[in-house]
Amino acid sequence: WDEPLAMEMSVAGRRGQHYPIVDADDLVPAAMRRQAPPELPEISEPDVLRHYLRLSQQTMGMMGISLFGTCTMKYNPRLHEKLAAGPHVAEMHPEQHPDTMQGLLECVWRLEDALKALSGMARFSFQPAGGADAAYTQACITRAYHAAHGDADRRTQIVTSIQSHPCNPATAAAAGFDIVTLPLESNGYPSIQALRAALSDRTAALFINNPDDMGVYNPEIRDWVDAVHAAGGLCFYDHANFNGVMGKIRAADLGFDACMFMLHKTFGVPKGGGGPAVGAYGCTEKLAPFLPGPLVAKDGNGFAVEPGAASSIGRVREYWGNIHQVMKAYGWVAAMGAEGIAEASDISVALNNYMEKKLLAIRGVTRSHPDQPGWRLEMTRYSLGQLYEETGVGGGDVQNRMADFGIDAFWMAHEPWIFPHPFTPEAGEMWSREDIDYWIAVLAHVCDEAYRDPDMVKSAPHNQAVGKLAGDDLDDPAVWATTWAAWQRKHGG
Amino acid sequence: MPNSAPALKAAILAELGLDDAEPLFGQIPEDHRLREALPLPLPPAITSEVELSRHLRGILAKNRHCLDNISFLGGGCWQHHVPAVVDEIVGRSEFLTPVWGTPSSDLGRNQAWFEFTSQLGALLGMEMVGLPVYSWGCAAGHAIRMAARITGRGKVLVPAEMSPERRMVVDNYCAAAGAGRAIEVVAIATDSATGRLDLGDLDARLGADVAAVYFENPAYLGMIESDAAAIVEAAHKAGALAIVGVDPISLGVLSPPSDYGADIAVGSTQPLGVHMHGGGGLGGFIASRDEAIYAHEYPTLLNSMTRTAAGERVFAMSLMHQSSYGAREEGKDWTGNSTYLWAIANAAYMALLGPLGFRELGALILRRAHDAARQIASVPGISVAHPSGFFKEFVVDFGGTGQSLDAIDEALRVRGIFGGIDLGARLPGREHQALYCVTECHSPADIDRLVTALREVCA
Amino acid sequence: WDEPLAMEMSVAGRRGQHYPIVDADDLVPAAMRRQAPPELPEISEPDVLRHYLRLSQQTMGMMGISLFGTCTMKYNPRLHEKLAAGPHVAEMHPEQHPDTMQGLLECVWRLEDALKALSGMARFSFQPAGGADAAYTQACITRAYHAAHGDADRRTQIVTSIQSHPCNPATAAAAGFDIVTLPLESNGYPSIQALRAALSDRTAALFINNPDDMGVYNPEIRDWVDAVHAAGGLCFYDHANFNGVMGKIRAADLGFDACMFMLHKTFGVPKGGGGPAVGAYGCTEKLAPFLPGPLVAKDGNGFAVEPGAASSIGRVREYWGNIHQVMKAYGWVAAMGAEGIAEASDISVALNNYMEKKLLAIRGVTRSHPDQPGWRLEMTRYSLGQLYEETGVGGGDVQNRMADFGIDAFWMAHEPWIFPHPFTPEAGEMWSREDIDYWIAVLAHVCDEAYRDPDMVKSAPHNQAVGKLAGDDLDDPAVWATTWAAWQRKHGG
Amino acid sequence: MPNSAPALKAAILAELGLDDAEPLFGQIPEDHRLREALPLPLPPAITSEVELSRHLRGILAKNRHCLDNISFLGGGCWQHHVPAVVDEIVGRSEFLTPVWGTPSSDLGRNQAWFEFTSQLGALLGMEMVGLPVYSWGCAAGHAIRMAARITGRGKVLVPAEMSPERRMVVDNYCAAAGAGRAIEVVAIATDSATGRLDLGDLDARLGADVAAVYFENPAYLGMIESDAAAIVEAAHKAGALAIVGVDPISLGVLSPPSDYGADIAVGSTQPLGVHMHGGGGLGGFIASRDEAIYAHEYPTLLNSMTRTAAGERVFAMSLMHQSSYGAREEGKDWTGNSTYLWAIANAAYMALLGPLGFRELGALILRRAHDAARQIASVPGISVAHPSGFFKEFVVDFGGTGQSLDAIDEALRVRGIFGGIDLGARLPGREHQALYCVTECHSPADIDRLVTALREVCA
């Protein structure tokens, strides 16, 4: 379809919803009565539906194959979607009396119980509405913890690695911390000497992923935790890449004070193109008094609401968080059980290494940190740097060309790129081997094509609804347009 | 799991020269590993969908929801009618499941987002709108931090009587670990006669150290700030920005922020076609004039329309380098997963209503809410604090009934009614008062049922 | 997507549903234990979902524009779909005690009430599961009526017109009647002289559409009814084309004994690619004793089930019929009201004549029955005969080529074709004028193309997932294959 | 309606030179027209979705459904678990809304239909399967008429104890207006010892005038016809066809019709992934060997795989000319709209289960049903007529309780339980008996609740 914008479909007098007509002009103070009607489109209900259905068909999503690394593209069980859409979830108000929301509270309690088992932590909050929000929660709790210990003004540094997700330094900075970033050694993780050098009585906390999204596990992590603790800091484990170690290790066993699970990645909750999501935040008893409220406790008759302790950080977001997603994640855990979760880890690590073996046989593809010889965990960081040097075809070109074959974009890498033209596919446990093989075959085909006919790749995509970007400068105020009104003013429609 | 059949798993391992997955975890030192016989104390897996469905339905059936009961709860999450078309659109697998593709492979999704920002901008009268953030509270927090960066000042004035949930979020966003980095949050009193902001108190607190005045319209307790223009003018006179938090569903009948000069508008996207989901329906927005001074401080992703090499319209991110994805700790605050699916619901909702729908709906809500307030106030012992000048929420005072709010609410629950939010527990000086919310979802018969119940309960 | 068959996606050991494992071999008599497992595919749940989602995207449906005549393509309100999918409809058993199905009974009663108002009939049954089933119901009732009057052996003829839907003669024949078919005159309907000549004491009933799908109304229809009644026959009004006369005429006012409404056409119920559907059958008091049971009656406390009279024909299908569709049709009537329904008629007739004016300006397009000068009702029968003679491009070619522009097939005409290369679009009230204009523009483009470049049209479609049929003889037992097993045996996979 | 705004309507009429729609109806004589001031006595239109939604929900809330209650009703419409994936697939707008396109534009839908016929054929062991008809009863009626045309004979034998609903449909399909055209329907007795068909009675009624023996497996009262091969052989010996009606959900554990030589198989598609919908979930199928003698008598559409000019696989109708669309009254019976949407649900359901799923599910149902029967029979005064040899349904005899079935059922309803079908009202000689159905939807706890309730009620 060559689909217009909704704003272009307007015909005066049309509408998609009617309401009983009443006059209420007298109920609005004269100064606050809207004068000019908003410039919204006027469209009939069937045409609105058809318009967005067509836009949905112009979204590849998981109709194709997406191995978007670090995001652990999983199947989202439709049973959970159906239940969440029903009134027992969708039509619940967050401030209802606890007697009337025992079902939701039970979901929270049961998932918390499961995550405690998976992490060894003591309490969980599901209020953080994404992984970044969980990191932010850790930053706020770190602040509150040191304040409670009279150490607020001194402990202003957060230590992290260059391979941590950008949300870790960014949220810590937003909470007012200074960031100390550790570089990687050639084996793929920072040296403990560098860590020790960074630690001091100004250290508030360590924020770290392990494995990071290169699939490399830091075997010295226990020593790291000990060193940070010895310096008086807290240790936060960003479990964004939990899929490779589920049921294999537990953050609390390694000494961490807190950790974070992404329910919309690891736990089968749909991504929705970027939320609503949940960064489930867990901590030990040491940090539990600082957790945001509300929390759920089991009592004799059912489940009770705890408002959050007096020392709580309050809220990082209103209410319970994305509680409907908590319900879905609980469903996932209930269906998988302990053994299913560990098996999913086995399969995702096995498939990643299977992919690695095949991908490294493709001309133009190399792997990060050749000094790190072992099996990678759930992901491997690759580079198309050689391909680019030899053909001029870059990672974005390859993404576009692969889309022509029904393969959605791969993940490249977070900023900063420490390898040229990085790419990071993640197999996970839910794609069939046939799909993985097809993905590999398409990449092989495109790399081969890059050597034979680089313009074919560089001018991709060729069979999508639209072609590649023109490369306009979207950072120019005269060019950018985040609304139709701005576009019309700047570009005339 | 497609590859979990033993033969399939073995074949994959065989390609690696293995007959067991264990060696693949060789990177992890033995003493880091979990090695109990039964690895995790989880209940047995419920592998069949029919059993899992029964299990989950059994749990959820313990909820009492707002369709089977009549709910007067609002205050930051509201029961509005969600057109069935919106449910179908957000349920489409193509929108529900993906994360991020190329501009071509995500064309439809990105266009829907652009229609979200464009239509919301039309409601607000503002030409720059970011992709959504988690909630109204988060949007307010980010906007206040934007104002602090723009003005280089470190204080914000906020209404004393704002939602405690929202206020706690704002407090976190304004706090800082490093000395001198925090933004001081100062409350502006309510004028007890009008229920609106006390302009005298506002003036008294304004000064050269104030980065922004943040106010809400309608405010937490439902009142329409009819002096909005004066509030904005006072802020501007002090060199501060005016940030307004609005309920976008009111903008068919209430003046848009642009009309009274607000610099930044924030608010909730939940009323625009998203079910409450126990609070999981929340989303927030940030909008402003389309000027570089604001644009350069947005923490959100900015989805811009542009062109392909062949001249087709397409969408891509503007100013990506200033986001935390692009600049880590040097970025403008931070972003990550947000509430992007709901933005598609919002886009479809606004397209369905159009200008006529928003106008009709706003009028209907005003009329129903005022009718309800009048009837409730007719019950002996009950009064409405400010019987006019509100939008969909109003404060009901039960002080004259001689009964506790807890007892009244419990008696209502027995009758299938969820009373309004108990303000006594939330705001000082509001004992025996509750915030009642009435929308298009409440029929006149629902109001009759409430009033009849209140007469019984408070007799 | 180049989507394989589900049967080709099978990998041993996979499955999309699990059940608790029990052994029950001992519970099946040995002779009846299944030996070889069925040759079903083994596929995981995510892959099954993705497969059918892809097939859905390869189905144009109402994503494009479909003006499939006589089928009155309407918007299907999604509110009704949502309610019907909920347990209060979907999880109801048809033999529940009436006390437990008052909601469904009320829907039946309310829709019956509305259809009585629209038709003037006395009672309705919703058991017939489609328009053809309603015609079959009429045939069975006709048989029972004459039997009850001792006339069964004599009255064995059903009179109809060559323009009636094939289901009318076909169902009557299946019920054991002989068919008398009246030809059309040049004005578009049969002469009353022909009718009179066909009537006799062997006449059981007249089955007739009015207007038929050429949009021509027989102005002598009252005289027809009188003549048939005078001959002792019954009169059945097939209201398949009700959209042009809703609120304008009523079958009972014209003297008919019975009529039929298609809820899945006129009343906004989705078509589902051909059912589940409802042919609502209504009749006067004269025929009510023969209606199939169950029926609904209102009593003091609510709604009661009537099992069907002793003289009832029993059942034409089990239970209530497609009662969930009855609920949706009631929703449609409730939303439209009397004035909305009449207005929908106005709009659909106005748009049809608007289309007619524009289509007749296209070279190659002519209209049936030029002797019938007035405005047509909700449809007009056109012919591409001239186009075919002048270019060799036929109706099927034009259909295929229009699909390239997102226009789904038009309706041609029922058998027998009394005009060459017929086509019959129906505008209805739910397509916007812009869509109608686009449809007209595409037809104009394709007809023009037929003159300029006929091979382009004849080799269409060009941008669909697959091209045009090879023209194999699907009536040859060695070729046809209705199952994968048959295909493999005959064509080797 | 997109064109109902007055200005839009006027513009269309203006193109026709009109200012009012009235002249467009000039074909209709004035005295045929309805001309009252208020044309039709319908209630006022409920134009807003929020009000319509409340109205319809209010009506439907009067239903008590089989998720909130425990239902033991079966007998032709069964509560089985519908995987959520199936609901999503049949709800897709592309499948839900269309009617008929070209082979290219309907490619996906037609392929789904082919997967329906192919997989059903695999369950049945038959290579020819038609697109669905309305119901099992209609399929049986058509199949009997096919047999009559094939054999040129005019009598069919059917079980005396078949579903009364189904039997009434078959009776209509066999009746005829013209003398000598009807098919005589003759009942075969039940063997009261086994609950299965009385083979002696079958033999006695077979003869050269019999077109077909129609029997069911499992039968209406739940019994597995373990002598199916003997029944088929007896029919064939008499030159008659053997038509079997089967419940396809049993075919993971029960022999397929092909194994015992049936010529035509019919049955219900509802168990295969379609909700009951108050009976609106029904669908029927007809299948046979892939031979011209059968193919040439099918009334259904026959969707065949074939090729495009370019060699791609595509689907089109076979033998269309013999359908009523092609041949009017000369066609093979008749067809029209059917239950084609449910065929897509069926296809997805069969693909989800696969051979392992059907086997596990069949075993589970057998076990749960037999466990339930045993526990029910343990209640004093209650017995199970044939305590083994059934699939998912069995006959419970309440004769020893001294209470009427109506009273027992009412007492169960009060306890949230819908008892089985009352056979006394439906089949002669079955007073005080009810047909109970147990499937994978019934948990052991559900059976416990039933048995506890029965002990209370029948005490």
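Order of writing sets the labels: A, B, C and D. Residues in every chain begin at 1.
One rule holds for everything that comes next: a contact is a pair of C-beta atoms (placed from the backbone, for glycine too) under 8 Å apart; a residue touches a chain by one contact, two chains touch by 3 or more.
Here the structure is a predicted model, which means the values were calculated and not measured.
Looking at A-D and C-D, the interface holding more C-beta pairs in contact is that of C-D. With each centre defined as the average position of its C-alpha atoms, the distance from chain A to chain D rounds to 46 Å.
Work out the mean CA point of chain C and of chain D, and you get 20 Å between them. In chain B, the positions touching at least two other chains are 1-2, 8, 47, 49-51, 53, 57, 67, 83-85, 87-88, 91, 93, 440.
Along chain A, residues 11, 14, 17-20, 44-47, 49, 53-54, 57, 62-63, 77-81, 86, 430, 432 each make contact with two or more other chains.
Chain contacts in this assembly form a complete graph, since each chain touches every other chain. The touching residues of chain D, when paired with chain A in their complex, are 1-2, 5-8, 47-51, 83-85, 87-88, 93. Residues 11-14, 17-20, 44, 46-47, 49, 53, 77-79, 81-82 of chain C are the ones that touch chain B when the two sit in their complex. Those residues of chain D that touch chain B in the shared complex are 49-51, 53-54, 57, 67, 81, 83-84, 88, 91, 93, 440-441, 443. Across the complex, chain A is touched by residues 1, 11, 44-47, 49-50, 53-54, 57, 62-63, 75, 77-78, 86, 406, 430, 432, 434 of chain C.
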